[in-house]
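One structure coming up, written as structure tokens, with questions to follow.
Chain nomenclature is as follows: A, B, C, D and E, assigned in order of appearance, with residue numbering initiated at 1 for each chain independently.
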Amino acid sequence: AKAEKVKIGFVTTLSGGPGVIGKDMRQSVEIALDHLGGKMAGVPVEVIFEDDQVKPEVGKQKTEKLVHKDKVDFVSGFIWSHVVLAARKTVVDAGKFLIISNAGTSQIAGRLCHENIFSTAWQNDQVPMAMGEVLNKRGVKSLYVVAPNYAAGRDMVNGLSRTFKGKIAGKDMTKWPDQTDFSAELAKARAAKPDGVFIFYPGAHTNAFIRQYSQAGMTRTPLYSVFSIDSLSLPRLQEANTTAVLGTYNTQFWSPDMDTETSRKFVADYKKKFKSYPSHYGAQSYDSIMLIASAVEAAGGDLSKMDAMRDRMRKADFPSVRGKFTYGNNQFPIQDFFLREVVKDADGNWTTKIVQKIYEKHQDPFAEKCKMKKTW
Amino acid sequence: MVTWTLVFEQLLNGVQFGVLLFLLAAGLTLIFGIMDLMNLAHGSLYMLGAYIAATVTHWTDSFLIGLVAALPATLVIGIVVEVLVLRALYRRGHLDQVLATFGLILFFNESVRLIWGPAGIQVPLPDFLNGSVDLFGVPYPMYRVTVIVAGLAVAGFLYWLVVKTRLGMLIRAGASNREMVAALGIDIKLVFTLVFGLGAALAGLAGALVGPIRSVGIGMGENVLILTLVVIVIGGIGSIRGAFVGALLIGVIEILGRAFLSTLFELVLPSNAAETAGPAVASMLIYILMAGVLFFRPQGLFPARTG
Amino acid sequence: MALLNARNLVVLATFALLALAPAYAAWVETPFYLDLGRRMMILAIGALSLNLIMGFGGMISFGHAVYIGIGAYTVGICAFHEVTSGFVQWPLALAISAAVALVFGVISLRTRGVYFIMITLALAQMTFYLGISLDQYGGDDGLTVYAPSDFAGLIDVDDDLSFYYVVFVLLALCLWFSQRLIRSRFGMVLQGARQNEGRMEAIGVPVFRYKLTAFVIAGTMAGLAGALLANHTDFVNPEMAHWTRSGDLIIMVLLGGMGSIAGPIVGAAAFLLLEELLSGVTEYWQVIFGPFLILVVLYARGGILGFLSRKDGGDG
Amino acid sequence: MLSVRDMETSYGASQVLFGMTLDVAAGEVVTLMGRNGMGKTTTVRSIMGLTPTQGGTVVFDGARIDGLPSYRIARAGIGLVPEGRQIFPNLTVRENLVATAHNRLGAARPWTLDRVFDRFPALAARAGGMGSELSGGEQQMLAISRALMTNPRLLILDEATEGLAPRIRAEIWRCLAELKADGQAILVIDKNLAALARIADRHYIIEKGAVVWSGSAAALEADPGLQHRYLGV
Amino acid sequence: MAEPMMEIRALRKSFGGVVATDDLTLDVGAGELHAVIGPNGAGKTTLISQLSGALMPDSGTIRFDGRDITRMPPYARSRRGLARSFQITSIFPEFTALDNVALAVQAHDGHSFSFFRDVRREARLRDPARAALARVGLEARAEVTARYMSHGEHRQLEIAMALATNPKMLLLDEPMAGMGPEESGLMVDILKGLKGEQTILLIEHDMDAVFRLADRITVLVYGRAIASGAPEEIRASAEVRHAYLGEDETV
């Protein structure tokens, strides 16, 4: 029978500094709901947001609450790997769908894959792997690597090493999350005279790094980054007039200038409503809601039809910001990755622009560790 | 590939980092060491200093005005906090103070998020501070040099204030026995309020100075608080001299550890072991240092001479 | 003092509530309360253990979460290597936390006061960074505990309800143990050493040994909480040992009332309930929670239980 | 000069002073006697505003001072040598003396560092040392000197000779006698009856927080029964 | 003279430039009440602290009851029967008077690694503790929290704690300080009662008491013993009068 309401629990970080990511995700979910007219298959949708405080235990408890108290049908969101890892079992044991909007942990892409878990993002390694290819193409022979010393940081460096063929002239794994002074690393990097510097810094650390990068007089060395420079950090960098960031390169599966119908509409409406560019976090969250909508449509609003919903989602048959893509056996996207450059837009705002497609239909390397077989 | 100019530059980096820590540590050692108030919210004042300086800089387009505005603003905030909350807690144990100032941290962090949003602010540097100067053949950012100079000046001022002036004596006397100081005709409440304000303003100054280098964001206070506590504990709680030496020590060791530890490990360990051990040990370095110092000198390097 | 004063009533009520929570959860069909209650009780065990050394022994440890982390990691790593028997995991968790507490205690108990706070913090941070660098066990991403502790069918930790009561009974046991401990000779020495360590030595007590023993007992009890927490979250991660978690434990103890044996339990319950309720009201809940803590300090000296016993006209 | 009327003071629920009443005139030396725990120290603390009172008035130099914060009471001209010395352990001897020194009331022959060091050479010898390093007796001298350095009009000494060597004790009595000769008013608490008798103008004997006997030094000396009953000698 | 209970040989302790104990040699015979007097800052408390183990001497030896205890930690000395009282009151402020004393008894009743039995029901701790309180005249205050007692009562409690353990030797640092005449009288009586059974090293500025109690008196000045002998000899010594007693102090 048709459900009275589609309930979606959305776990993200709303408090503290990282709350800026959660805010972008929430706003994007709102846009998605606007586009859906607040209904899926004619059934009204309710999204309940919960704050994980970047703590696994809290994330787990909030998920418990969503599943067992609010009785949601889908749990989505999750920025952080450790939070989703802690929350995963609660959702799966309750027989609900878990739609991951960001965290790209190799564990869930591999050994912990599950028929009820889908990602609308990527697996961590893919983006730096794409960057490795870019560096090869651009003839970078020696590279200085700086990244924080935690799981995602090490994933990024490993991902890069999978494809980058040149020499790593030096590598610094910095203290996480306390360290926001990079003078020691920058002095070393300058002394090493590399062809380029590769960084990965999520959140506020990016700004600190890039500003010190330019203060240290490193601007002549090209800067390559992953997940560091995006629509959340660029306005801040512009505020401080850190021009060093203009013209630097990064890789991603999406960019606000992406030329798909859904993306154009999403970005335009987001800009209209919130006066800024959405980030990839937002784009992924938008897709999460749209993926869920497609599942609810397939079941005709009857949320007990798990198999029908799952089959539909596996087909990835919904208007995604990235255009058409497919799901791999681990239910992570097989998708294209692009090189982006930081530029000024027509209004003088700083944003990213797609320069080149690096990977076509790329699948993450952990899919083979997933025991599920692709039957769709 | 370690050259002497690189080592020298890293030393400068260490000193600069140390000086910044000193600004925080000096205020904390006054409040915590001398007034015996365990103030976890010291980091919050640092954060507020940074936010206020950043905001004023954006309003006025002048970093200098922003910097100068942060001082009285944090002074006043400090005084208000002292009068409303902390004044009642001097006689209580450290734990009550921990609980209350933890409450203050939560309050300040969330208030900042309400007022400024979660994203943080960036502070542009004025052009005249943006270049670099040549220090013995090493091009070093002008701004970092400015920070070093400012910090040293404050250090001198504080040493004079606490050790040489009557106000300094009263602060120290009040720390050991408030009641007696009052019974001898001194308005000790006022003295403490002023000292707290001074400590707050120093934290605010550190925050304002750090804005153009690092990012200004929520929670910036807590990380630095721990580091600051480490500094004053190594130096000996309540000793301005200890705070100074401790801050420089931590600054230099932290930077040198980050800079050269991995290289050092590569000389003695197989390369993949060195790759994991290097950053891990660099992260722990200051804690190892502190544990070591306390193991051999349980009162820190310069034990404040109390009874 | 009357047995049924407000203070004892609150403790009894807390226990009664915890005992009946599953029934209520079942009645309103909200198993979530079970989860919340369980987490409360697990953290209460942690807070209880901290109170032993902090409230009674005057040793303010800013690294107590480390033992919770170690207990949890022991279970997690055992499970990772497919050792799932609880009869192996749990005693091992207790033994390892005890051993670590012994080593850390020997190092840190040389210092006093704030220096002690800081050295425990330093040791905790080192452990934390060690956890982050443990790549094979997931680093800071942590480790999923694939299989719950297995007690050969005697107790089913995977069943929410029976695990709930396991935790409940363990909490009650810990409380009972603490109560006896504090009133024993050992407890007197512990409390005496807090009040006047020099005098304690002068009357012929080698204080260090007793403090160290208390430190190890508390570490072991926290290790138990850790083993439980691993089974509760099915997930372990270095975050569990972070200094902010040790801070949370301290807050729980203070909120409930330091120096009263049951205080930490009330404190843990109040802490988590407030967090749950307030965060439901506004995402800016800490703007309320922060000042609330300050008010507790200013107007309810001795935490919630202290406040109640004063209302009672007790002598504090 | 000082006039205390019907003072009531409690610590929490337990009341210690029950209508304490006493006077000190300008230039007079008055003693407060009584057995341990009878409320002598509490009286002094109440006068100084260190312990809140529940009733009664304190008038000093014609102005009411009860309820004022202690620093204002001290500034009005009362100098305290507290029970148990309470010197500042983390200050040097010299700092202990100068930190709170003042001559607010414009004493004609103010106490200065030199004068104090003259009076107590033992302190001069340890001037640069920390308060915490002094022996018990040295601390006591420091506490007296510190109070003198505020140049009070009324000096209150609570067991100021406790733990002093006989020679120093004698010296302090001599010093008090000199102060008295200079017209300094003094309220003194001490167990050394013989010495008190020599210097004091009047005595108060208190028991259970109230005055049970007051009168001149001569009257007390003449009444051994009184001494036995209230002072246990 | 009987076998000395305590032999101090060439003891030396300095703090920076201050020599607080200067080559001090001293015997205290078993059962003797030996008073040490001297000006303030002469090094009396420093001496007691070294005997009790709170301070380590720079050089010299201390033998107690036939054993060298120079480097023994304080608790071990206490166990061997050496008890001290403190010049500046040192008690357990949050315990009742009775608990304070019972804790002292407990410290001498084997180890305290007993985790389950309620101490407040242990008669073997409580009874001797009550007796000790009674001895110093505090029995009526047994259940009062120590913090709420007056200064004089603290002094009495201090002595009760030292007495409670039936030590072989008592080190008393100004036990009469802060006591009223009546309490002082009581204390003299207590000490008189102990004389003969117990060896006592007494530091006191109350000359009345010293001359009434002491078997022998040693006068310490600047860390050195300038005189040692029977009370009459000391009283008669011009040097002592000059250094310590003062000319006009009548005793």
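Here is the rule we go by: a contact is a pair of C-beta atoms (placed from the backbone, for glycine too) under 8 Å apart; a residue touches a chain by one contact, two chains touch by 3 or more.
From a predicted model like this one, the values you see are computed outputs, not experimental measurements.
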Starting at chain A, fewest touch steps before arriving at chain C: 1
Farthest chain relative to chain B (centres taken as mean CA coordinates): E
Chain pair with more C-beta contacts, B-D versus B-C: B-C
Furthest chain, CA centroid comparison against chain D: A
Averaged-CA centre spacing for the pair chain D and chain A, given as whole angstrom: 75
CA centroid of chain D to CA centroid of chain E, Å: 29
Separation of chain C from chain D, taking each centre as the mean of its C-alpha atoms, in whole Å: 51
Multi-chain contact sites of chain A, meaning residues that touch two or more partners: 15, 149, 175
Touching two or more other chains - residue numbers and ranges from chain E: none
Multi-chain contact residues (two or more partners), chain C: 129, 132-133, 135, 286, 315
Of chain E, residues touching chain C in the complex: 52-54, 73-79, 83-84, 86, 90-95, 99, 102-104, 106-108, 112-120, 122, 145, 161, 165
Residue ranges of chain A touching chain B (in the complex, touch as defined): 15-20, 22-23, 149, 171-175, 177-181, 183-185, 187-188, 191-192, 204-205, 207-208, 211-212, 215-217, 232, 235-237, 239-242
Parts of chain C lying in touch with chain A, wherever the complex brings them together: 30-33, 35-36, 39, 129, 132-133, 135, 138-142, 144, 229, 233-235, 237, 239-240, 276, 279, 283, 286
In the complex with chain A, residue positions of chain B that touch it: 1, 3, 5-6, 9-10, 13, 16-17, 58, 109-110, 113, 117-125, 130, 132, 139, 141, 143-144, 212-215, 217-220, 223, 226-227, 255-256, 258-259, 262, 275, 278-280, 282-283
Residue ranges of chain B in contact with chain C within the complex: 32, 38, 85, 88-89, 92, 94-96, 98-100, 102-111, 113-114, 222, 226, 229-230, 233, 237, 276-277, 279-280, 283-284, 287-288, 290-291, 294-295, 298-300
